[in-house]
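Below you'll find the structure I mean.
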Amino acid sequence: MVNKVKEAWAQGRAVVNGWLAIPSAYAAEVMAQAGFDSLTVDMQHGVQDYLSAVACFQGMQPHPVTPMVRVPWNEPGIVGKVLDAGAMGVICPMINTPEQAQQLVWSCRYPPEGTRSFGPIRAGIYGEAGTYFDTANKDVAVIPMIETKEAMDNLEAILDVPGIDGVYIGPSDLGLSYGLKPALDREEPEILRIYERVLNEAGKRNIAVGLHNGSAAYVKKMIGMGFKLATISNDSGILLQAARAAVATAKS
Amino acid sequence: MVNKVKEAWAQGRAVVNGWLAIPSAYAAEVMAQAGFDSLTVDMQHGVQDYLSAVACFQGMQPHPVTPMVRVPWNEPGIVGKVLDAGAMGVICPMINTPEQAQQLVWSCRYPPEGTRSFGPIRAGIYGEAGTYFDTANKDVAVIPMIETKEAMDNLEAILDVPGIDGVYIGPSDLGLSYGLKPALDREEPEILRIYERVLNEAGKRNIAVGLHNGSAAYVKKMIGMGFKLATISNDSGILLQAARAAVATAKS
Amino acid sequence: MVNKVKEAWAQGRAVVNGWLAIPSAYAAEVMAQAGFDSLTVDMQHGVQDYLSAVACFQGMQPHPVTPMVRVPWNEPGIVGKVLDAGAMGVICPMINTPEQAQQLVWSCRYPPEGTRSFGPIRAGIYGEAGTYFDTANKDVAVIPMIETKEAMDNLEAILDVPGIDGVYIGPSDLGLSYGLKPALDREEPEILRIYERVLNEAGKRNIAVGLHNGSAAYVKKMIGMGFKLATISNDSGILLQAARAAVATAKS
Amino acid sequence: MVNKVKEAWAQGRAVVNGWLAIPSAYAAEVMAQAGFDSLTVDMQHGVQDYLSAVACFQGMQPHPVTPMVRVPWNEPGIVGKVLDAGAMGVICPMINTPEQAQQLVWSCRYPPEGTRSFGPIRAGIYGEAGTYFDTANKDVAVIPMIETKEAMDNLEAILDVPGIDGVYIGPSDLGLSYGLKPALDREEPEILRIYERVLNEAGKRNIAVGLHNGSAAYVKKMIGMGFKLATISNDSGILLQAARAAVATAKS
Amino acid sequence: MVNKVKEAWAQGRAVVNGWLAIPSAYAAEVMAQAGFDSLTVDMQHGVQDYLSAVACFQGMQPHPVTPMVRVPWNEPGIVGKVLDAGAMGVICPMINTPEQAQQLVWSCRYPPEGTRSFGPIRAGIYGEAGTYFDTANKDVAVIPMIETKEAMDNLEAILDVPGIDGVYIGPSDLGLSYGLKPALDREEPEILRIYERVLNEAGKRNIAVGLHNGSAAYVKKMIGMGFKLATISNDSGILLQAARAAVATAKS
Amino acid sequence: MVNKVKEAWAQGRAVVNGWLAIPSAYAAEVMAQAGFDSLTVDMQHGVQDYLSAVACFQGMQPHPVTPMVRVPWNEPGIVGKVLDAGAMGVICPMINTPEQAQQLVWSCRYPPEGTRSFGPIRAGIYGEAGTYFDTANKDVAVIPMIETKEAMDNLEAILDVPGIDGVYIGPSDLGLSYGLKPALDREEPEILRIYERVLNEAGKRNIAVGLHNGSAAYVKKMIGMGFKLATISNDSGILLQAARAAVATAKS
């Protein structure tokens, strides 16, 4: 299977990403029909673990969405497991140094570009069984998160690590790191300047930049600003907001 | 625990009901925070079974919503199981005759009013352990579905069965039975006349009438018409619709 | 595998039975090490369904306890499924007539003694694979519950149905049926007279009698009275009582 | 989605069917890549229940296999649930009379051909959402099992029930009913005569005949004999046999 | 929600803690009604993982017990996940150096006191959604385990790490480290001297000391000695012991 | 329970090992009846996590197979958890240095030979409860994987780490590390020379050597070559291959 996220990036297009916190293949099936280009199972803050991620992948597989995972931590065991399960992109939190970014790349790439162990138990299903190995290093998107002051201090060095396809900004943690409250859809000028600097430096290196957002309106704006991977809230957040609005209307 | 649905009905108020198709305690926790008065686990058409219903009940229990179930069929085994699990209301599909309604009541009530077997494994948690038996026959809401021409032909006889607290109309099946396409939020005059007849006959007997709806706006209208249990779509339907709208906005 | 319950009955010995309401193979493993002769997964009032029963069977299989199930209802589908899963005894609630008892026997026995369908997916593991069929009709214990006034009115006719190995009394439902409160370990003379009558009539026919109990002390007394299958509370009841006592001691 | 089983039957071709007893979406994914035309989740004798059937459906959906279910019993609740979950064929055990066959058809067809309740929660995914209703009565295959002497006595009457697409023979139960041992791949002349009679009577009415088999070689022979739905053992049987052979080779 | 464990400690009171090894929300519901002040899901030695811990939290949430977790290891990914899931206390095994203790504190606290990433998916439910961030650093109890000779050698340095609320002693591992057999409820003078030293040094710093125990009687004694977090065995241990005693009584 | 793998090795015999990728206790039961000496739950590349490994252990426990795990990574938390769950052998991927091998040994052994924490929640079931500790350090097999050029460079130093019982070669990763394609059942002379060197060096130290294989025929050959732990493919691979062959035969 072609990684449509990387294909879009190669063509300069942005992708709209969904975020799965509900540990249910059926909920993933529902999200997979909503028009997202990709769906990311959030194993860090979502109510997800490895087997629920597999179930979500099974739910989304018949649908034209690229399966990705945010892993809970930069740990080779779990990175390998989600790739074997079929993830075509790995978003990894709290990458603050080039050494950490290098470790992430190594975990995602087969030798000689990395140290990933071979055994694509479900991932082999996406392509012809025998050809997964031939294209995996090229197809898998490696996406460290830039979300601390330390990461910003090391920005160029992190972006210079070979093998990085994109970076992803977590606005809440970024804000915390700069002494602000956690929030999405931020408008503080100091934060927007950070976004611009990341877009600029990544752009020089042909690396896509992603952003976690709270609303579709802000997503639209940020795509206009140059972000190439823009997430809208998550499944449970969308559900809660919509259900609250419906109840309010019904009771009005 | 007081059954807030029956309390509202006793006071002449309508309740807004949520509908759970996603088999996940976490999704139920989300829905339980949206402002619904009650949440019904849909074991008939939802992706639910007994243990997922228990999980949903566990997810909603800390929240002020009344737990209910739509059982898959009028079968004493499953009716007893969901009541023991803590359901305070049982909506049962396809009750077309007074005999079927009588069977449903028997399954929901302890002797001498019925034949329910004693063993409220989780339901005992809601009240003081020792007092569940004393109030269960009064607290549990028995709600047969009126959704066929045959049921309408037997309407008065069904409503006359002692122990019925409410009836619930399924517009899709009702339409099918009258030769129409399945749909919610119907506006056909012949269907609205049926609604009026049910509201009228049930009203005479102090029985509440519920309706399954597709939109919050229609719910509001139907509450105005006299319905006392008005469901808004279901969790996966609300999620799909809201996610589609968000993607459309983001990509616009 | 020999059915040790039927073996004990053949030798005139009573068995002490455990009762599983917690849907966990690990909890079943724990109970399987406590010394019970048999363990019954309670699919009627316990927090159990078919797959959790299978898991409990897997947990208890290495241990010398006979696996049994209380089915939720006298329904051929579920009776067949639990037997195929390896149950060596089926306790069925609310058998009030000889016709219902006959239906239960049919569901548990292969032709020509019954109508059970062949496919012992896990049950074949217990004996030599090829020999399960040869002994199943003899090994499986069929145990209808006698727990209503109607059943007592039909007692002799029920006991006369060929193929019944034992009957099991549910004291709470029996009491309800006679206008009393639900309770275990009953001492009302009218109830004890019922127990005596059942013991007497069953004894004449070489049918064992079982009883659900709340305490080990009462179990001991009832075994003395002639009961041959005596259950002590259930796993969650034993856990709650013991945990409460431990907390009370710790805080005293 | 087109029902490829019915398409093949319309063209006079036989389909080779796989049988799922392992309650795992991943095992279903594996079986879905083996070349079967259809896969049937066995909820009667397999280690399967409703939610595991849904998981198996999710596992097989990206692959070109038609999803079917053998339900545990001819009970409207479970028949409706598996159809809503996406089953395109329902095999139902122990249909011995035309009345039972009629009940099965009613459970599988929307009015006016039957009494199925509308709510195709996952089934709507297969076609365009809005069009499922329009084609479901035509697309769903209704397949009662003929597996007793009583069914053979009523054969013509059962086959004359409108709405039956196929019948499925269970050789073990059929044998039991005629006083033989349970077995697949039978060669007794009296059984083969039964097969011929069923093929003949069904053929007159344009109804396909299926058969459960133990080996691929027998499947091939039976397709030659005229069977149009031929199942090869089941997933766990194939696994056990192949693993045993591999160990034997390794240790030889 | 107030952290009742920290509230008790602030008032100089001890809390009695339950320990969950059974991976079942229902078993957690049972334990939550037994009178414990807090319940700790044991992800190190219990039969628990992340999603079973979430289920246990859902089971205990309606009840007045403080939810805690013993994590399997001092790894930032899992510490963050259980806090996001709603844990109000984290007990971490094998903290032997101040550096390890510092890492644990960092994982548990938002900046600037630590490096915890923001996304309290379920934890937000406990307080007002918007206020979780404001109080989390104060509410969450950070509790390293002191259970080796190395940890005792570094005791003061570990206790001096800012942000530690309590320490928890594991008697089996502590004994192993000193060349003794694993055991709870120890009486060896050398071990009791260690307990006294920990109580003394922790007391100077206003840090609570916890202890894992095998019996309620020993818990009572240890609370008298000054321990402020005293665990009684675990759910499966209590169940096994009580079930064994019941069977013994029944068979006596 | 005796560790039959270590017993065989002590007697110079090879064991044939099965490999579990399907997360199902029932699939494990099936594999446990196929004649394997040991079964390894593959938590690295299989569709397995901790709780599915526990379920597989429960499924295999009544059968005479030694339970082992391949952990996802050399991380003390998960190594401890699978041992507590009852694993009698731990295969650990990507051990490239003696320091990594030492860490693995420490995680698997109680003091003074290691740093494993005491709490054998299920493992205690295998032996007499009280005696598990006495024999665990001797019974548990510690098996690092040798599967990179770096590991080969450090071979003697790794093998010299006290406490290693066996090493296990992963042919795909080994090949990748030497610039070859991933494959099992390799015949390249350079790879066979590596096998010989490992067999030779391990043999000097009385350490068994294992190998992952794709076919039973190659297993037989490799046992002849001196391998003492020879794995045949995995459950899903065996199933896929056998199902494909059966379909091909049926359709031929």
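Each chain carries a letter (A, B, C, D, E and F) given by its place in the written order, and its residues are counted from 1.
Simple rule for what comes next: a residue touches a chain if its C-beta (ideal position, glycine included) is under 8 Å from a C-beta of that chain, and two chains touch if they have at least 3 such contacts.
Remember, predicted model here, so these are calculated numbers, not experimental data.
Participant: When every step has to jump to a touching chain, what is the lowest number of steps that links chain C to chain F?
Facilitator: The least step count works out to 1.
Participant: Figure out the least number of contact steps between chain B and chain C, where 1 means they touch directly.
Facilitator: The distance in steps between these two chains is 1.
Participant: What is the chain whose Cα centre is as far as it gets from that of chain A?
Facilitator: It is C whose centre lies farthest from that of chain A.
Participant: Between copies chain A and chain F, are the contact residues mostly the same numbers or mostly different, with half as the line?
Facilitator: Interface between chain A and chain F is built from largely different residues.
Participant: Please identify which chain has its centre, taken as the mean of its CA atoms, farthest from the centre of chain E.
Facilitator: Farthest by centroid: D.
Participant: Can you spot which of B-C, B-D or A-D is a repeat of the C-F interface, where more than half the contact pairs line up?
Facilitator: A-D
Participant: Go ahead and note the Å separation of the Cα centroids belonging to chain C and chain D.
Facilitator: Inter-chain centre distance comes to 34 Å.
Participant: How big is the gap, in whole Å, between where the Cα atoms of chain A centre and where those of chain B centre?
Facilitator: 39
Participant: Could you tell me the distance, in whole angstrom, between the mean C-alpha positions of chain B and chain F?
Facilitator: Comparing mean C-alpha positions, chain F is 53 Å from chain B.
Participant: Multi-chain contacts only, two chains or more: what residues does chain A have there?
Facilitator: Those would be 21, 23, 26, 33, 47, 49, 51, 54, 75, 78, 122, 236.
Participant: Chain pairs that touch, all of them, please.
Facilitator: A-B, A-D, A-E, A-F, B-C, B-D, B-E, C-D, C-E, C-F, D-F, E-F
Participant: In the complex of these two chains, what residues of chain F are touching chain D?
Facilitator: So the residues of chain F in touch with chain D come to 16, 18, 21-24, 26-27, 30-31, 33-36, 47, 215-217, 219-220, 223, 230, 232-233, 235-236, 238-252.
Participant: Once bound in the complex, which stretches of chain B touch chain D?
Facilitator: Residues in contact with chain D: 21, 23, 44-47, 49, 51-52, 71-73, 75, 78, 93-94, 147-148, 170, 172-173, 176-177, 179, 181-182, 236.
Participant: What part of chain C is in contact with chain F in the complex they form?
Facilitator: Listed in rising order, the residues are 25-26, 29, 33, 54-55, 58-59, 61-62, 122, 125.
Participant: Tell me, which parts of chain A touch chain F in their complex?
Facilitator: Residues 49-51, 54, 75-78, 80-81, 84-85, 110-112, 115, 117-122, 133.
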